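Each of the next two complexes has subunit A plus one other chain: subunit B in the first, subunit C in the second.
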Partner chain A sequence: MDFITNIPLFTIVLSLFSGALCFLLSGKTARKYTLIYEGILTLACAAVLWYTVRTGSAFTYVMGEFPAPWGNEIRAGILEAGTALFFIVIMLCSVSGGYRFIETDLDESKTNLYYALLNLMTAALMALVWTNDIFTGYVFLEILTLTSVGVLIVREIGRTTLAAMRYLILNLVGSGLYLLGVVLLYDVTGHLLMVPMKETIAQLWELPGYHPILILATGILTIGLAIKSGLFPFHFWMPDTYGYATPASGSVLSSLVSKAYIFLLIKIYYRVIGTQIFAQMPIGRILLVLGICGMVAGSLQAMRTNNANRMIAYSSAAQIGYIYMGIGVGGGPGFLAALFHIYAHSATKSMLFLTTPRLAEVSGGSLKFRELQGSGLRDRDAGLFFMIGAFSMIGIPVFAGFSSKILFGLAAVDSGSSIKLIAVMLALAVSSLLNAIYFIRTVIRIYSAPEEGKKTKVRAHHRPGYNIPMLVLTAINLFLGLFSWMAAELVQRGLMMFG
Partner chain B sequence: MIETLAINYEEAAAIILFGIGFTMLLFHRNLIKKLIGMNIMDTGVFLFLASMGYIEGRKAPIIVNGVQDTAAYINPVPAGLVLTGIVVSVSVTAISLSLTAILYRRYRTLDLDEIYELSRHQTEDR
Partner chain C sequence: MKKDWKQKVDRWLAGDLDVMAHITDGAEVRDVPRQERKENARAAQERVLETAGAKRVISAERKGFYTMYNVIAVISCITLIGVLLFTVANLPRYGEENPRTVEVVSRYVEKGLEETGAVNIVSGMILDYRAFDTLGESHVLFTALLCVMILLRRDKKNEAMAPAGARALGTDAYYNIAKDPIMRTVGAFLLPSIFLYGIYILLNGQNSPGGGFSGGAVMGAGLIIFASAYGFGTVDRFFTERASRIITFVSLAFYSFAKGYVFFTGANGLDNHIPKGTPGAILSGGMILPLDIAVGMVVACTMYGFYSLFKRGSIGHD
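Moving on, here comes the complex of A and B:
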């Protein structure tokens, strides 16, 4: 057994330990410690990815050496390692890109608690990505919920507390449903580990009378995770939650937390239900319809708002719709497109959430469109990064959003159903058009000359430290856009290992 | 249909409890009652698990008098799951109650709709 097989567990344990340690450190030390430890985690996840790509097979870490039907397992394949690496890089960028606002938004005595919460959140994210046991999934799902509420309420204005309360209530509904789904599946199969569970489900599916209970359990579980990740019509909490949080929190919540739930869902479809059986269930079709509704509804609501952060938050709802549409199209290409869009959207959305407060900073601290006029001229770096993010969201070639839209189209063609093809193509066209309208409107707004008599505080230079995370995110974005075939091939191989 | 329900009355009760808690959590306007609903919902799931794990006439899986036949014992995993679930539920309740306390201190009401109305009149923070 190679040493590298210990690393996945190590990432979870180190994150939990770091969370506890940051409670004891001062704010400044906690920040430095968090950056160093996230750097270590990046290297660790990269090592696992390299190992799985090189050996071409996934490995399972058996905790406490209890063999398969008992005990608890961690599993690492290309997809798990890649997602863990991606999540930790985005986390690192969010922390280093948003720390200036953490310092202004938070009381100084509390910043170490913020880093403690972020580290615990990382532990939960890592566990959700690596775990091979659906009940462990439930426990870390709740930890993720609690830490997300924590990073929301650290900014002590009444609205964030209210937003956190609503977020918490919806998440509790979602976790309750997920738990019920898990318990039902456990009762039918008698297993909690994914591999024996899948074998039992495959046998039960052939027997008469088991279809309703399996579909019911999977459906309940799906609804639970869909509520938590914000699928239409459960997306109404998004603007308040993302809009009023401190930028690092908004970035982490929109690009990592909601994506982790979807990753778990895809993992369950592949490793517990099995794609063959999932294709025979009606759930996929419902997700397709809801996904398309979300794409259109999210964009329409984004057009109506007058605040940049709320617009980006509604656009998140639309992008979650894209991902569920991919799952709904189904088959290998559909899941591939959904996973690719998880990466593309995370890289782009965190960049947007980290640049808008910088634009607001040179516009009298307001995120209203009227005040933002000309802010791209006052802070040129932030304006440029906002423009890159906006172009990627619209799906302009070279950027990541374009590749994922192509993958969605190809998946629809591959599905062999003309209704799906027409629905997906129409949805993509309408949604891209709407995206273009409100994002290009904003880009034009921030680059047009400000009205007469407005204060124009020009920020000439940023310390380079502010731009490095943005450059990393831009690089990821361009990599996903220009070398999408490479990323898609990796995801493809990862999905083969899943199944 | 009725007969199956009567045989599985524990599971039926568990699902009814889950439904009651779920509706309360989702639709009740009072925050404390919402949290009570959440606890009822979780209790429903725990009852479901516990009743599934219990088999009449079998004992806890600790070997006594050298009886090694698996048919003599129950599976301990459901009970373990219930315990884990209770721990999770307690911590979630604690966080929710502290959030409720913060909101009450600020707005002097527990009605979520009223709090929402009050927060709309608050000055724009950013």
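Moving on, here comes the complex of A and C:
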């Protein structure tokens, strides 16, 4: 057994340890430690990805001396390693791109608690990605829930407290439903680990009388995770949650936390239910409809806001709709498109959430469109990065958003159902148009000349350090856009390993 | 006509819909001195609490919203209840012949003692067979403690938020603690046995029902009773925030590394050199006893921390 196979275990245990360690450190030391630690973690995850690509097969890792089905297990294939690497890179970019705002938004005495929460969140993300056991999924889902509320309330400006209450309650409803689903599945199968569970479910599916239970258990589990990730009609918590958190938190919450839930859901469909059985369940069709509704509703609501952050948050609701639409289309290409969009959207959304506060900074601290007028001229770097993000969201070629839209279209063509094809194509067209309307509006705003007589500060250039995370995110975005075939092929191979 | 069009475009460019937009206006400004920023944030927080208290502000703007909301909430709850009852009715009956596999449960019951060295099979399951889940579970508590600290903690640097009376009179006098002779007398009788009982549960997790979570909860409750009988000042003499931080860190770090070591050796097929001990003795069950102690410490610190933070906004003064 190669030493590299131990890395997934280390990423989880060391992140948990880092959470406890930051509790002791001072705020500044905790920040430095977190950045260095996440850098190391990036390399470690990259090593695992390299290993799985090279060996061409996934490996399972027994947590302790008891093998499955008695003990816990984690598993790493291309998809897990790639997602872990991607998540940690986005986390690193969010923290390094947003720490300046962390310092101004937080009480000094609470910064170390913030970094402790981020490290625990990293541990939970890693565990959700690597896990091969649905109950482990639940435990780390809880950590993710609590940490995500924690990083939200840490900026105490009133609305975050309100938003956190709503977010917490909805999240707990989601966790509860997920747990119910797990309990029902455990009751009928007698297993918690994914592999033996899948075998038992395949046997049960053939027996009379088991269809309703299996469908309901899967459905409850799906609803739970859909509430947590913000699928229409459960997306109303999004604008307040993402819009008023400190930028690093907004970026992490929108691009990692909600995506981790969806990743877990896809993993369950593949490794617990099995895609063939899933295709026979009606859940996919419901997800398709809700996803399309979300794409349109989110965009319509985004058009009506007057605050840049709220607009981006509502646009997240639309993008989550895209992902669920991909799952709903189903089949290999549908899941491929959904996973690709997870990456494309995460890279883009974190960039947008990290640039708007910089635009606001040169506009008297306001995120309202009226005040933002001309901010792209006052802070040219931030304006440029915002524009790149906006173009990617619209789906302009070269950027990541374009590739994922093509993949969605191809998946619909491959699905072989004309209703699905028409629905998906129409939804893509309408949603892209709406996306274009509100993002182009913002880009026009930030690049039009400011009204006369307005006194605002001009920031010609930042310390270069502020732009590095943005450049990394842009590079990821361009990679996903220009070399989408490479990324898509990796995802494809990862899905094959899923089984 | 042309101007009208221009106005419309302008309005579209500006967008306008956010019922509560006025609330956070000041708080978004970052380019001001720290003190002013804090005041802005505090003002915003108060405005929100006022607005949230007066529900009619929002309901006036969205007429009928709350009626619909209640109706839909009731309907969806009834539907969910119906669906769940239907599912439960369809589950395989207890004891009936069904294809559900029992290999997992039967091995836990039949070989649990032999493989984990713990008489209490539940402890063997949560701390040995499925120890990874419990590792996460103990960090859930820690996360909750962090969140409560973020919300409620006041310290020297933001003392302005503490009630004025608390500063003048001292915590205990302000919160009217430690004046009740009944509490003190009963406490003097009960507390030693509560702590002793907590320790007993903690140390016997591998042999009888109990373990880290329950023992820690009893000890934390003991600390809480101690604080309400004799005042926070007395607890602060031996249990400060610093002590709580160090205990929590050491316990969690020990837990992570101990379990990391067991996972590592187990997965790589190495011998972990942890003796199982004689079943039934205190020193048995391999790692279960030290892990129980670590979990118990975290639980006790968290329980008392919650109480203290909710009551006075700090875990203890150094």
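Please note the rule applied: the second predicted complex is superposed on the first by the 499 of 499 C-alpha atoms of A that agree within 3 Å, B and C clash if a C-alpha of one lies under 4 Å from a C-alpha of the other, contacts with A are read in each partner's own complex, and residues count from 1 in each chain.
The rule we apply is simple: contacts are C-beta pairs under 8 Å (C-beta built on N, C-alpha and C of every residue); 3 or more make two chains touch, one makes a residue touch a chain.
Keep in mind it's a predicted model, so treat the numbers as computed, not measured.
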First, second, both or neither for A:E108, with subunit B first and subunit C second: second
Dominant toucher of subunit A (residue count), subunit B or subunit C: C
Touched partner set for A:I157, first subunit B, second subunit C, both or neither: both
Contacts of A:L146 with subunit B and subunit C, given as first, second, both or neither: both
Touched partner set for A:L172, first subunit B, second subunit C, both or neither: first
First, second, both or neither for A:A360, with subunit B first and subunit C second: both
Which superposed partner A:V183 touches (first subunit B, second subunit C, both, neither): first
Which of subunit B and subunit C A:T305 touches, first, second, both or neither: second
Footprint overlap on subunit A, where subunit B in one structure and subunit C in the other make contact: 135, 139, 142, 146, 149-150, 153, 157-159, 161-162, 180, 187, 192, 244, 360, 365-367
Residues of subunit B defined as touching subunit A within the complex: 18, 21-22, 25-26, 31, 34, 38, 41-42, 45, 48-49, 52, 77-78, 81, 84-85, 88, 91-92, 95-96, 99-100, 102-103, 106-107, 112, 115-116, 119, 122, 124-126
Residue numbers on subunit A that touch subunit B, as the complex places them: 135, 138-139, 142, 145-146, 149-150, 153, 157-159, 161-162, 164-166, 168-169, 172-173, 175-177, 179-180, 183, 186-187, 192, 244, 309, 360, 365-367
Subunit C-touching residues of subunit A, taken from the complex the two chains share: 1, 5-6, 9-10, 13-14, 16-17, 19-21, 23-24, 61-66, 69-72, 74, 101, 104-105, 107-110, 113-114, 116-117, 120, 123-124, 127, 133, 135-136, 139-140, 142-143, 146-147, 149-150, 153-159, 161-162, 180, 184, 187-192, 196, 200, 203-204, 207, 209, 212-213, 216-217, 244, 303-307, 310-311, 357, 360-361, 364-370, 441, 444-445, 457
Subunit C to subunit A touching residues, read off their complex: 12-18, 20-21, 23-25, 27-31, 34, 37, 40-42, 44-49, 52, 83-84, 86-87, 90-92, 99-105, 107-108, 115, 128-133, 135-137, 139-140, 142-144, 146-147, 149-151, 153, 155, 157-158, 245-246, 248-249, 252-253, 256-257, 259-260, 262-269, 272
